[in-house]
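Got a structure for you, questions after.
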C-alpha cells in the first residue's frame, strides 16, 4: 500500500487495555449489543467490521461511554465504567475518539480545537498545549493550517485535524468510528496514511472501518460483528482468506466482490 | 451621598428598607416628598417644555413639601393613572395623592384612604356641540357619551340616566387627549367629565363658541388630596397645609407680602399664630415655626394658586364659583387657627 | 427565430455582425411598464387598484404635511398663521409642536445640559455591541463590551463613578475566585465560592469601597432621577436593558428546558409558558400594582426599575425560545465530540455549545429586541413617559391643546426609522449565516 | 452476570450524590426544588405580611357585588345592576370576539398581501412591501390609536343622515357607517326559524356529500363532475324554498334614523368604532407579519416543485392547489398559529380605544373600584394563560399530524 504500511507493526504487549465481559445494551426494546466479550491488550490494532446496523459503532462508543451499557462490565485501562462520573471523566481523558463526520468545532481555529481539551480538562498551560498541538499537527502534516477555521479545510484535512485533536490529549487508546466513510475517495488515502503511521507508533487502536486494505496492512485482529454479536475474531490474513462463518463469507463477498 | 441605582439594585435596596415608619419621618429621611399627580390634565398637573411640573395639584404638592421639608422644590412628581392611583398610595409608592380624586364613602372606608381636605369643589357636567340643539342634560335621551374609564364619572353617569329614566350609550375613552379627539370627530354626542375638565378641554378647541357646557351638574365631586388611612399626624400636616393656604387668602397674606408680615408680629393675632410670630403652632403639628410662611411663599395663597392655574386670566378661564371663600359665597372655609 | 438564424447561417457570414438594438417596444420605460404593470388583464386591474389606493392615502396626507407650519408658539398661533397663509380651515400640519418639544419626545425630562449623556451612552452601547454583532470587529473590543454596562449606567443615572465601579468589581472578584478554584479542578465548588465572594463583596464591601474611593477621587456626574427618563430615551433604556439583562436568564432557561432532568426542564417549561401566555400589559400591571405585595414590607424602588425587572423576566422567556432554536440547530456531533474529549457539562456548554448557539440566535435576538422596543409603548398605560405618554402630556398643556396627528406622526416615524434599520440588519445577518452554513 | 449500573455492593457514600450519574441528577433537582420552594415561601410570606399590614384579605366575594358601570358593547345582556362577575364575563366574550374577528381578517389580509408581494406587478409588489414594513416597524398601540382616529374622522356623524338636507346615506339602505359606530341589520328569529336552521344545516351536509361523491366518481371513472354549481344549488335552493314555505320566519331588524331628539339609529346592531378600530388595527398589524410568513412559505417550496408539476402537465392553478400549497402550509401553519396567539394577547391593548375587553372591565374598572388588585390580576392572567394554552395545544396537535404524515 504505502511506505508506512511496509514497516511491520510493533509487537503486542501482554497488558490489558480494554476488558469487556458479558456486556449487553438495549435501545428501548431493541437489543443492540448481545453478550459482548472482548479483551484488547496494549498496542493492539483492532478493526471492527460488519454490515450496517450490526452494532459496531455502538460497541466502540460504549468504550468511552458515549453510550451507556445496561449490563456486563467494561474496564478501560484499569478503570471500570460505571455511573461514577469521575471514572467516566478519567476514561474519556485517556481515550481519544475520531468521528465519521469529524465533529470539529467550527467556531474555533484548528489550533484552538487542538488545545481546548488539554487546557480545560488536563489543565495544561496554554503555551505548552500549543506546543503539543503544533507537534501533532506536524505529525498529521498540516501545521500550516493551524490558524485556519475548520470550514476552510478539505474533508481529509479536517479528519486529520480531528486525529491530531485527539492525540493532543495523549490518549492511551484511540477509537475510530468509520473515519473515512464521509470522505471523497482521493482524500481517504491521506487519512489512512496518518492512521497507519499512528499504528506504527504503537497506539492501541479500535477502528470501525470498511477499509479492508487498512485492516490487512496494520490490524493484528479483525472482529466481525452481526446482529449485535461478535461473530468472528481472527487475524486479518485468516479472516480474509479463510473466513469461518457463513455470514462473514457473505459479507466479504459483497464488500470485495465489486 | 446618592449611591447609584445599579448598586442599589444589586444590594436589593428593598431589603434595607425599614418597616413603614410615620410618613413624615420617611419624607424627612428621604429628603423629598413623593407626590402622586395626574400624568397630564390641563391646569391641574402637566410638565411644561422644560419638564417642570405645573398646575393646581402640583402647587399643593409644593406647599406640602415646603411645610414638611422646608423646600417646595423637593418633590418627586409621580404620575399615576386613574386606575392605579389608590394602589400606589396604599403600597407606599407616594406619600400623598394630589390627583383630583373625588372623596367618596367607599374610598374613605373600603379602600383605606383618608381625605384630609377638599381643595376643589367640582361637579360632573356635559359638553355638547351647539349644533346638537340640546339645552339641558335631561334632553340627552339616546345620546352617546364620551367618558373616561376608571373614575367616579362613569358611575355618576349611570346613576344620572337611570334616575331620569333616559337611555345613553357610553363610549369609553382612554385619556383626555383621546376624548377630545373623539368628541370633535363626532364619535360621541356629548363629553362628560368634571366641569373644570370640560372647561379646559373646551378652551383648546379651534372654535370654542360652537360648544356649550350644559347647565346641569349631575354630581358632587369634592376633589382633594388623599393619604393612607391610619397616619393621622401626616394627615394633619396635609390638612393644615391646605387650610393655611385658604386662611392666608382670607387674611390677605400673599406670596408678595408674607415675608414682610412674618418679620414681626402684626395687629391680627390669627396672622401671628399662622406665621409663627406668636405661640408655637408649628411644633404642635410636628413642624417648625416658619412652616406656614414657606407654604405661602411656595406659590401664594389659595386664591393666587387658583388664579394662576385655572382662573379667568388663563385659557381655561374658570370662575371661582363654589371654590370662592365662604365670605364671598363659596364653600372654601378653613377651621380657625386657634 | 433570430437564434436559429444565428446558428445555421452564421458560419457562412464573412463579416461579423455588430450587436443590434432590440425592437423599440422591448426597451426603456415602455417595456418596463408593459412587463411590470400591464402584462395582463388581471395585472392592469391590480395596477389601477393600487394607484387608486395610493391616491386615496396620499391625497389628503401630503398637502397637509407639506403645508406644515414650523414656526409657532402654540396651537392657536399655528391656526392663526394657517388662516393667514392658506385660508380658514385648510388642513395644515402644525409641526411647530415637534419643533418646540422634540427634546421631550426624544429625551423626556432629562436635564437639558446633560443630553450628551444619553447620546454618549447610546454611542458607547453601539461600539460595545460591535464585536458581538459583527464578527469582523477587533476582539479587543470585548473588554469594552464588558465594561460598557457599568459606564452606561453611570452616564445615564449619574452620581459617583465609584458606585458602578464597585459593582463591577464584584464581578471581577467573583470571577477571579472562580477561576482560581476552577484551575484546581472542582468546578462546582469554584462556582459556589465565586458566587459567594461576589455576593459578599456587593453586600459588605462595595459600599464602603465606593465611599472610600469617592472621598479620594470624587468623580461624579450630576445624578438624574429615573423619573426624568422619558421619550425614546426611556424606550431604549427599557428595551436594551430588558434584552441585555434577559440574555443570561434566557440562556439558563433554554439550557434548563433542554435538560434531561425532569423537574428542571418542567419548571423551565412552566415558566416560559406562563410568561408567554400572558400579555405584557398584564405583567406591567403586575409590576405597578402587585409586585410590592411580594416584596418585604416597606420595599419601594422606583417604577422604572420595577418595569425593567418585569420586562427582563418577560423577555427572558422569549429569548429562551430563540436560544433553544439555536441549541437545536447545533449538530449532535458537537456534543459527542465535547464528551469524547472529556469536557464536563458546563465546560462543553461554555466553550462549545453557547458560542455557536448564540451566534445562530443573534438574528432572533435582534427581532426580539425590535418587538420589545415597540412594546415599550405599553408603559404609557402605567403612566411612564414613553413617547406616546409624552405626546399626551404635551397635548395636556394649554399651548398645544388641540394638536393630535403631528405628534403621533413624529413618534411613528422615529419608531419606523429605528425598527426598520434593525430589521434590515437582522435580515442581512440571517443571509450571512445561511451562506456560512452552506 | 454483573449489572454495570450496580457495581459490587458497596456502602452508599455521600460523594456519590455528586459523582454518580444515577444520583447527581437527583441531587441537582432536589437542590433546585428546595431553592424554588424557598423562593415561593419567601414571596408568600411577604404577601401575607403585606396583606395583613394593609388590612386586606384575599377574597373573590367582590365578584358578586353590583358593578354599577355601563359597557358600550356587549354580546350578552348586561346592565349596570349586574355583578362584577358578569361584567368580567362580558369583557371575556368581548376579548374572544375581537380575537376571533382579528384572526380571520388578519389571515385574509396576510395571505393576500403575501401572495401579492410576490406578484410580478411592480406597483402592487412595492405597495405591499410598504404596507408590510410600515406596519411591522411601528408599535401596535400607535396603530390602534391612529386607526381609531382615522375611522371616527372619516365617517359622518349620525345627524348627517337625518332630514331633507342629509349629507350622508346608508349603504344599500340598510347599513350606516357613522362616527359613533356601524349600524347593521340583525336577524330576528320568528316562528319556524328552527326548522329553517335545520334545513340549512342539512343542505350544507348534502353539498359536502355531493363534493366527496363527485371526487370519488372522478377517481373511479376519471370523469369529472361539476362540483361548484351543483353544490351551490344544493346549498341555496332548499333553504330559500323553506324560507318562503315557512312564511319568512326570519326577518331583519334594520336600523332606522329616529325622527325626534338627538340623531341616532334605532334597531339593528351597533358595532362600536372602538371594536372596529381594534379589530382592523390588529388585523392589519398581524396581517403584515402573516404576509411575511406566507411569502416565506411559498418561497420555501423550491422552484423545482412547480417545474416538476408543470412538466407533468398540471396547470398553474392545480399546481398551486395540489403541489405548492400542501407543502407551503407545513411551513406556514406553525408560525401562523403563533401569530394568532400574539393577536389574542394583543387584544389587551383595547384600553387605548376604550373597548371593553376583559382587561378593561375586570382589570380596569372593577379593579379600580373594588381595590382588589391581586384577585383581579390573577383572574386576568389565568384567562389569557388558558386561552394561550388552548391555542398552542391546537398547534401541537397540528404539528404532530404533520409529523405523522412525513413518515
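Every chain is named by a letter (A, B, C and D) in the order it is written, and numbering of its residues begins at 1.
Keep this in mind: a contact is a pair of C-beta atoms (placed from the backbone, for glycine too) under 8 Å apart; a residue touches a chain by one contact, two chains touch by 3 or more.
If you want to know which protein each chain is, UniProt gives these names: A = Amino acid ABC transporter ATP-binding protein; B = Amino acid ABC transporter substrate-binding protein; C = ABC transporter permease subunit; D = Amino acid ABC transporter permease.
Every value quoted in this text rests on a predicted model; they were computed, and no experiment measured them.
From the centre of subunit B, which chain's CA centre is farthest?
The chain lying farthest from subunit B is A.
Taking each chain's centre as the average of its Cα atoms, which chain lies closest to the overall Cα centroid?
C
Compute the distance, rounded to whole Å, between the mean C-alpha positions of subunit C and subunit D.
28
Centroid of subunit A to centroid of subunit C, CA atoms only: how many Å?
Centres of subunit A and subunit C (C-alpha means) sit 48 Å apart.
Between subunit B and subunit D, what's the gap in Å when you average each chain's C-alpha atoms?
Chain centroid spacing, subunit B to subunit D, equals 42 Å.
From the mean C-alpha coordinate of subunit A to that of subunit D, what's the distance rounded to whole Å?
Whole-Å distance between the two chain centres: 57.
Which residues does subunit A have that touch at least 2 chains other than itself?
If we look for residues of subunit A contacting two or more partner chains, we find none.
Going by the touch rule set out above, which residues of subunit B reach two or more other chains?
Each of 20, 84, 87, 181 in subunit B touches at least two other chains.
Which positions in subunit C are in touch with at least two other chains?
285, 289, 292-293, 295-297, 381, 404
What's the contact topology between the chains, one of line, ring, star, complete, other?
If you draw each chain as a dot and join those that touch, the picture is no line, ring, star or complete graph.
If you go through all the chains, which pairs of them touch?
Pairs flagged as touching, ordered by label: A-C, A-D, B-C, B-D, C-D.
Hey, which residues of subunit C end up touching subunit B in the complex?
Residues 75, 79, 100-101, 104, 108-109, 112, 150, 153-154, 157-160, 163-164, 166-167, 170, 202-203, 206-207, 210-211, 214, 223, 225-228, 285, 288-289, 292-293, 295-303, 305, 381-385, 389, 391-393, 395-398, 401-402, 404 of subunit C touch subunit B in their complex.
In their complex, what parts of subunit B are in touch with subunit D?
20, 82-84, 86-87, 90, 106, 110-112, 131-132, 134, 139-144, 149-150, 154-155, 157-158, 162, 168-174, 178, 181-182, 185-189
Spell out the part of subunit C that touches subunit A in their complex, as residue ranges.
Contacts found on subunit C: 183, 185, 331, 333-334, 336-337, 339-344, 347, 351-352, 355-356, 359, 436.
Of all residues in subunit C, which touch subunit D in the complex?
Subunit C reaches subunit D through residues 32, 35-37, 39, 43, 46-47, 50-51, 53-54, 188, 260-264, 267, 273-274, 276-282, 285-286, 289-290, 292-297, 370, 374-375, 377-378, 380-381, 388, 404-405, 408, 411-412, 415-416, 418-420, 423.
Inside the complex, what are the residues of subunit D that reach subunit B?
Residues 53-56, 68-72, 80, 145, 148-149, 152-153, 156-157, 159, 178-180, 258, 261-262, 264, 270, 272-274, 351-356, 360, 364-365, 367-371, 373.
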